[in-house]
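Several structures are given next for inspection.
The two complexes that follow have subunit A in common; it is paired with subunit B in the first and with subunit C in the second.
The block that comes next holds the complex of A and B.
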């Protein structure tokens, strides 16, 4: 019974984190209808930023969050305007985006391996204090609580942005229909650029806290994280950012069960979930009605 | 019709290529203030492509587009909308998760810089007679109502010129008559229009000035009656 309760509670915390892992990918897909295959590499870059700021300057990971947001907005805008408008004017932007972002992913991985080597790196669990915390008699590391709260704050921010800001209103319109949004007078390119940067920033925040859930960071972790993210957003609903939290929770609880009871099979879980959803509910668990909102 | 008004839209030698295919091959069209011009032609003649290029959905590859004395050539859609050109889509594209009111409000918020937005939305919905459905989710509307919603969203941007793309397709005779009356009422407020339509009878109820296109180029300009006497027009429509 103890293991079961532990598995459920830990699975929920994992799930909230994995929701954050998929959130950036889904928000970019929602607005641009493109899958950013370099998403996992951005998560890796976020983790490296956190690692080096911790190692060199003693930065607490929480302090790295505003730094990462600033860095990825600064990098994201020129990257967006250099790549995406040209891509959108092409005959088959979705297919070309796969190839282009796959290339970006390979370049990021190669550059980081070249610069730092392919070693694993980590930030100690006790960076937020060595005390644990109890839920229903189960003890968990404080780093998990901090990670969960940061992920929930990110979801809260996205909800606030989409539902309560003027730019969020325009973003929902672009997500629902790019052409109609365009002729309503919305600058869809500007909205897409902002959301692209937001997606990168969210991925980097997931990277900062990945040490406490995944364990370590290494340059070649990107493609695996992209696959996991893709499984999560397909599970929730492609293009519906807030559906990602559902996908993350299902993935988190499922992976925790696998690790607790069938640990040697845990790594195939994202692929099994992807195939199952594609076969039986390709529109995602939340469905089509929510996807367009 | 206002044949003596000044030129509002002037398109000259417009070219749009898709790979090696020239969908528009030097199209010319001009529209005066408050005028309705019908745009007809067989499938694939380039009518919708012309609307897409003028409205900034597609980028042109040559020629010029002037609106109200200023070039709108290669401008992005949102700037063209704010200058006073808007359009409807052949297949309506409402923002499915939003209500009728929210859809139209989007046009008032982003497409128009003047006036009371609430009043603008109310008036646009009243013109298309969807005001009693303002709280309905747009995905629940019928096909015809979704077309009207697209028109209301365009009207909420307070356009000087509307590009109406096959609004009559798939509608009943009664609905056609009602829509024709509504477009004429909109014209009376000073809005010029290009009305793309296969249904020549529908165009005839709106205007006596029709441009016929074929293979991405101008073929004819005149009244429907004159078009019916023109051998080239008859040939492209009937294949004789």
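The block that comes next holds the complex of A and C.
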């Protein structure tokens, strides 16, 4: 019974983090209809930023969050205007975006290896204090709680942005129909640029806290994270950012249950779920209702 | 008639001369070309890159002395290393090994790190009849009687690694053992050996599970293991698995009487940097050089000399994989120094000839009839606290190598 309770709670926290991992990818897809194959590499960049700020200046990971948001907004705007408008003018932007972001992913990985080498890097778990915390009689590291709260705050922010700000309304309009949004006078390019930067910033935040959930960070960790993120957003709903939290929760709880009771098969599960969703509910578990919201 | 007779005598003499000194029949090459692969990215990069650096260091050392002595040509010849990046991908590695053999016409082949990236080289070396110096690919299936073209330079085949570990636990009469392993050849073969040896001794593991090699979060697994109340927990994985496992263990606050993982003994600095010295206290491992010190050697540098020279040249501290790469170079060097002919089977015969008689900084080099390393053995070591925040390693088994008693159960 103890193990069962531990598995559920750990799965929820693990899932909330993976919801955050997928969130940036999903908002970019929702607005631009492009899959950012360099998404996992941006997570890796976030983790490297956190590692070096911790190593060199003793920055607590929580303090790295505003730094990462600022850095990725600064980098994101020129990157967006250099790449995305050209892609959108092409005949097949979705396919071209696959190829282009794959290239970006390879470049990021190569540059990081060149600059820092291949080795794994970690921030100690006790950076937030060595005491654990108890939930329903189960003890968890404090770093997990902080990570979960940061992920929930990120979801809260995205919800507030989409539901309660003028730019959020415009973003939802672009998500619903890009052409109609443009006709109705929305500056689609500006919205896309902001959302692109927001996606990168969210990915970098996931990277900052990745040490505490998925262990050490290393330059080639990106592609696997991109694949998992993709599975999660399809589970929740492709193009619906808030569906990502559901995808993450299902992924997290399922993988923890598999680890507890059928550990050899644990990593197959997300992809089995992905296939099942594609076959029986291809719009995602909460796709339709949320997308028309 | 006499002219014909004279001509016949000249031709026969020439044939006899060439037959008598076949080693000089071939013209000596300007360089000895050694082909190898390394992974600059992907899951094996952490291990492959230092191994490659060790091999490059050997090349630079022999070339500083005018090259390697080649007995077949009775002279020193410089060494040229041709290396390509396989990015940890077996498909790329297969293509590049093939390229090294068929396009670059290398004289000898050194495999990339580990069994996964070596697995594609073994059949290619056999088909093309080129000697493969397997650096750290320890899967037993590589070494078969029908393939004389492979030799394992460092470490015994992985199935033999846990011999001392199993004996240690049997001697300690540890009744409840949990074994968690990553599902790949390297870790699975160790898990199977350990499991079978324990069962034979009447100890049935209370937990025996595989996890995907890509597993990066062990929290729930640690709690599953804890539920079985083990007296010892053995985790077999690659470096990423060991880091994640030790981090998870530290974060969970769960304590076991004994914890064993593989890579703290091979990549101590990396593990210490990622999990901290405290997480390694009382952890058991297989110690390898530089944690094991072999100073009396027959060829190349002893460990301390190597540590100094390597640091001077590269600016880096030595880890086991640097030693393994350098050791591969030494085995190749000894092969060229002793093979009477410059051909691949002569190289293999030369290896058999010095097997069991060569001591390097990596230990005793000895291979069985199939080319598998049997000279080196892996003892059991334990990390213990030293002073404030420090750490040191003690060899705790076998008795003839023991430097201290094991601290069991861990406090």
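We adopt the following convention: the second predicted complex is superposed on the first by the 291 of 293 C-alpha atoms of A that agree within 3 Å, B and C clash if a C-alpha of one lies under 4 Å from a C-alpha of the other, contacts with A are read in each partner's own complex, and residues count from 1 in each chain.
Keep this in mind: a residue touches a chain if its C-beta (ideal position, glycine included) is under 8 Å from a C-beta of that chain, and two chains touch if they have at least 3 such contacts.
Remember, it's a predicted structure, so these values are computed and weren't measured experimentally.
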Examine A:89 and indicate which partner it touches, taking first as subunit B and second as subunit C; both and neither are also allowed. first
Considering only the touch criterion stated at the top, classify A:145 as touching first (subunit B), second (subunit C), both, or neither. neither
Quick one: classify A:215 as touching subunit B (first), subunit C (second), both or neither. second
First (subunit B), second (subunit C), both or neither touched by A:166: first
Thinking of the overlay built on chain A, is A:285 touched by subunit B (first), by subunit C (second), by both, or by neither? neither
In the superposed model, does subunit B or subunit C contact more residues of subunit A? C
Which superposed partner A:274 touches (first subunit B, second subunit C, both, neither): neither
Please write out, lowest number first, the residues of subunit A touched by both subunit B and subunit C across the two complexes. none
Could you pull out which subunit A residues touch subunit B in their complex? 89, 91, 166, 169-170, 172-173, 176-177, 179-189, 289-290, 292-293
Using the touch definition from the top, list the residues of subunit B that touch subunit A in their complex. 18-19, 55-57, 59, 76-78, 81-82, 86-87, 89, 93-98, 103, 106-107, 109-112, 139, 150, 153-154, 157
Which positions of subunit C touch subunit A when the two form their complex? 40-43, 45-46, 49, 88, 180, 183, 209-212, 214-217, 219-221, 223-224, 227, 239-240, 243-244, 247-248, 250-253, 270, 273-276
Residues of subunit A touching subunit C in the complex: 2-3, 6-7, 10-11, 14, 109-110, 113, 117-122, 124-125, 132, 139-141, 143-144, 212-216, 218-220, 224, 256, 259-260, 263-264, 266-267
